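Presented sequentially are two complexes of chain A, the first with chain B as partner and the second with chain C.
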Partner chain A sequence: MDQRAPNLLDEALGLVDEEKTKPWPLSSRVVLVEDRVETSGAFVLHHLLKRALSPHSSNDVVVFLAFSQPFSHYDRVLRKLGCNLTAQRENNRFFFLDLLMSEFPDGDEGNKDGLVALYGKIEKVVSTSFQENKKCITIVIDDFSLMEVAANGATNYVLDFLRYCHTLTLAFGCSLVVLNHEDIYSSIERPALILQMEYLADILIKAEPLATGLATDVHGQLTVLNKEIRDEQGSSRNKICNFHFRVKENGVEYFYPGSKT
Partner chain B sequence: MATSKPRTSSFSRNLATVTSSTPGLKYGPNGTIFISSGIPDLDKILGGGFPLGSLVMVMEDAEAPHHMLLLRNFMSQGLVHKQPLLYASPSKDPKGFLGTLPTPGSSKDDKSRDHDPENENGLRIAWQYKKYFGDNQHHFDSNRDVKHEYCHDFDLRKPLEKHFISGQHIDCVSILDSPNLAALRDHFATFLAQFPRNASSISSAGRIAIQSFCAPQCTYSNMEWDMLSFIRSLRSMVRSSNAVAVVTFPPSLLSTSFSRRWQHMADTLLSVRAIPDEDKEMAKLLTGYQDMVGLLNVHKVARINTQVPVILDATTFSIKLQKRRFLVLESLNQAPIDSSSGTSYGTSASCSGSSKTGTLDF
Partner chain C sequence: MAESICRALRDGALQGEHAPALTIKDSIASPFGFHVFTHLLTQLSSNILAAKSQSRGLVLVALSRSPSFYLDLLNRKGFDVASSQKWIEILDCYTDPLGWKDALLASGNGGSLSNEASTGASLCRNVKDMDKLYSSIIELGKGIVGQGKVRFCVAIDSVNEILRHASISSVAGLLSNLRSNDRVSSIFWLSHSDLHEDRVTAVLEYMSSMVASIEPLNQSANGHRCNWESLPLLKCNYWKGKFHVRFKRRNGRVRVMSEEFHVEQSAINFRSISSEDEIVNRSLLPKMQFNLQLSEKEQIDRAKVVLPFEHQGTGKPIQIYDGRRSLTDGNSEAEPVSTGILQTNENSSKGEIIYLRDSDDERPDSDEDPDDDLDI
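Showing the complex of A and B:
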């Protein structure tokens, strides 16, 4: 399978670029990936990681905040997708922050392990990379609901952190990719957190199970909402795409409903 | 169990020996190592067992104690394999529970599912298909030491022999009176520090069993974020050690949002449900209804080191006690449709617990 062959997800995100002259289409944009218990959206993160660390350009830096899995897991998964995270880490293109055991209690502003300090670390990496002329910086958070738990439920605290990371996208042109679980919030009366995240996001990718249930050939459906796409005339509009997917070890197949060959 | 090599990607190592040194471990794809759940059918459904480093959560049904069956088999299997065990429960004296653990079934030849040994002694039925059962026959003839099997069939009517329990690394903790979970967390951290995960070969695997974690009699049970934080740190600690933690909890005692958060934390998510006695509608729909004790649902299967989800043929299984002793899981089978009744039911593999309305949802 050709690594650079565009698939439906790349098209929906605007990552198809034959001339490679345009800058990274996701720069200065916030991507929110939502999933559920029945269907995991982690494969979207893996796909974006692979695209961000593509070998043809050495300008890419990824800062990965891992709350969910250790490095060994991502290393193995991405290796099967054709991307060597260990080598990228040694080349200072992939910064992995293992936050599985970290706690971020609110009110600990002076604490060197708090969210404020974490933001400081990220900001330092981003600004140094920017000064080294690395223009395509991506910050990935996997996953946001665990960051809430680490902060012991202090929603405003983690939202502030998210907004600060958002300022980085404006200041340095980096992109922010966050994974969250939508079904946690769907039963709350005023799901402020998820609504604010959806408002902040420029691209919303939702992974859901099929309405008809489980299937071996189709693992779920993906809905991509891309806000403010500028088309040739210069006017902006929203674009929604919906298609099905099937996850494999070495990649993901995307296809329109009913057209699985 | 036959150690058939599953289809692996080109990045998996070729492993020469599988079970010679450590009978309680089985190597799986993507560099995972499995330990048995203590229920042979469940191991098969989950593709080998519980992978080391994973968190298994079982959602209880408040009306039935079936999650105890899963816990008992899990704990017994660990003791038989001499894997250190940490058991936490909301009772005042958790050690008492150890007396209810089942013992491995003595031999396989009284199970009607497998090959019938009477063929050899009495009537010799000349059927040519005996040659295809070569593997099972070897299991019979050789007097295999009970300890060398990966997964045992536990006899729920006989308690575990004393020598398995005494002199073992068993730690029992009561979570009834823990005011805050920090001390509990440290206790678990000390236990898990015995099984660090590193690249060198693994010496032994640990098992953690926590029963009814958010039970209302525990003092911390209304501190929702603290409980969630504990589960998160347990998950992270287990991830970096060669151990498996099984946590059961009643989701009806948590708010929906928190219940979902707990479910997302789990690597493997199961739920058990009670079956109402004497439900005539169910008896009509399913075969073997009288033998069923409950239903087991598999919601999520652990995906460590891989992104491919596991799609099972069926996610709902009936829990039966074979000969009232051995726990088996069977997929649901629809009863033959009575030709005199005019309605047809269509095809469905799952069935809701209370089908009082008589309609199947599929």
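Showing the complex of A and C:
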């Protein structure tokens, strides 16, 4: 399988430039990936990780905040996609922050201080990389609901943390990719956290099951809402794309509804 | 109506009255409140620079976007933000609103100072302090227009961000103080109505003389969550919506006006509501091989079909076909309606319904009880 061939997800995000002659289209943008129990959106993160660490350029750095899985998990998954995370980590291109067992100190101040310290760590890595001329920095958070758990449910502080990470996208041109689960907020009358994230996001990627139910060949549908795409002329346009996907062992297949042969 | 709002903000406050205040209200189903905000910002800036407005300056409280974003935006629209005559001041509540970066620097764990400082915007490190926020805004405004009686406008890009850190009563106090300050010409702010309780939105609306609501074209039954089910409709209509404005007059009269908006290439355009859109929506049938439309001839023929239970009003007595009389009955009548072949008027050509009922062969036998053959 030609892993460099652009697929529908790449097209929807504008990641079709293989030679990287144009700037990384996700620079200074916030990407929110929403998934559900039936359709995990982790494959989107893996795909973006692979694209961010492409071998064509050595200017790319990824700062990965892992609340959900250990490094070995991502290493195994990305190896099947043709990306060696261990090597990238050794080359200082992949910074893995293992926050699996982290729990911020008790109490209101403890939660805040924990998040402030975490932000400080990220900012240090980002600014150091930026000074080393690494201009395409991607911050990935997997996943945001677990960050809320680690912060003992301090939603406001967690939102503050997100806002502070947002300032990094502007100051250093990095992209921010966050995964969150849509269905855990569905019973709440006003799900402020997920709504705040949707307002903040420049690109919203939703992984949902099919409206018609389960199917063996199609695992779900992906809807990509791109609020603003700037092209070379400086003009911008907006786009909504929808297509189906099937998660395979060594990758994901994307296709338009009805075109699966 | 966007034009009316711009005029109201431009004309400003009357002597002895509070400054006009506008709430721009949107929701996630149609999240274009920020486009409206920037549209009004540029319109007001244009009026200020052309000396057409009561105010001579603008203080922008930036919470959800950085000052450099606004400076870039104004530069792209052709405004000279670096001119010697200062007309805009930005209070930067975006870069470090809670003093985290300051705390990190102090403890030696922080990175370098962000390059936001170079834009010249005033930095606010504590958005929780309403008094400090108020005095910073007034100070910045006086810095533009001087100490005399000249007024300035205030724009707040996200009341929601302030509400995350302060209670609604203190935020209401801030807005009220700004409105009643005699140096403030007009004030407007953006609020996402689905991020807070209804009472918070109500408080903001009570404090405003104008409320501009942004709503999607097709309201989903799901309320605040984005309706992704009707995707073809969403693709077409997501970037459009309705723009309702409620004006509160001094005499208490409330006037409501509506328009439609369309967001194209990060610019928002307004136009009055027309009936053309009904036709557009009807033609949103999915494209497929079957023809679901009717030709004109087919539409005429359909209109000519006589429905069985409908009063035709042709003047002749109408026998309503009840489905029980067979073909042989009623031959003597002028209108052989009971056969099921309905007589249409002589001028009609092809509109006919031929209905042959299965049970016509059976003789209706009212004496017999149909349940008699049951063996209980």
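Note that the second predicted complex is superposed on the first by the 242 of 261 C-alpha atoms of A that agree within 3 Å, B and C clash if a C-alpha of one lies under 4 Å from a C-alpha of the other, contacts with A are read in each partner's own complex, and residues count from 1 in each chain.
Note that in this section a contact is a pair of C-beta atoms (placed from the backbone, for glycine too) under 8 Å apart; a residue touches a chain by one contact, two chains touch by 3 or more.
As the structure is a computational prediction, the values presented were derived from the model and not from experiment.
Q: Report clash or fit for the pair chain B and chain C bound to chain A in the combined superposed model.
A: Here chain B and chain C can both sit on chain A without a clash.
Q: Which of the two partners, first being chain B and second being chain C, lies in contact with A:Ser127: first, second, both, or neither?
A: Touch status of A:Ser127: second partner only.
Q: On the A-aligned overlay, A:Ile188 touches which partner chain: chain B = first, chain C = second, or both, or neither?
A: Only chain B is touched by A:Ile188; chain C is not.
Q: May I ask you to decide whether A:Ser72 touches chain B, chain C, both, or neither, giving the answer as first, second, both or neither?
A: A:Ser72 contacts chain B only, not chain C.
Q: Have a look at where A:Ala87 lands relative to chain B and chain C in the superposition and call it first, second, both or neither.
A: neither
Q: Tell me which partner A:Ala171 touches in the superposition: chain B (first), chain C (second), both or neither.
A: In the superposition, A:Ala171 contacts chain C only.
Q: Please work out whether A:Glu208 is in contact with chain B alone, chain C alone, both, or neither, and reply first, second, both or neither.
A: Only chain C is touched by A:Glu208; chain B is not.
Q: Just chain B (first), just chain C (second), both, or neither: which does A:Val16 touch?
A: Neither partner.
Q: Mind working out whether A:Arg163 is in touch with chain B, chain C, both or neither, as first, second, both or neither?
A: Second partner only.
Q: Chain B and chain C, closest CA-CA distance after overlay, in Å?
A: 15 Å.
Q: Going by the contact rule set out above, which residues of chain B touch chain A in the complex?
A: Touching chain A: residues 9, 11, 30-31, 224-226, 228-229, 232-233, 236-237, 239-240, 255-257, 260-261, 263-264, 269, 299-300, 303-309, 311-312, 315 of chain B.
Q: Quick check on the complex: what are the chain C residues that touch chain A?
A: Result: residues 28, 31, 66, 68-69, 94-98, 100-101, 103-104, 109-112, 114-116, 160-161, 164-165, 192, 194-197, 224, 226, 228-229, 231, 234-235, 238-239, 263, 265-266 of chain C touch chain A.
Q: Residue numbers of chain A touching chain B in their complex, please.
A: Touch list, chain A to chain B: 37-40, 42-43, 46, 69-70, 72-73, 76-77, 79-80, 100-101, 103, 145-146, 149-150, 152-153, 181, 183-185, 187-188, 214-216, 219, 247-250.
Q: Under the stated contact criterion, what part of chain A meets chain C in this complex?
A: 116-117, 119-121, 123-124, 126-128, 131, 156, 159-160, 163-164, 167, 170-171, 190, 192, 195-196, 198-199, 206, 208, 211, 223, 225, 228, 235-238, 240, 242
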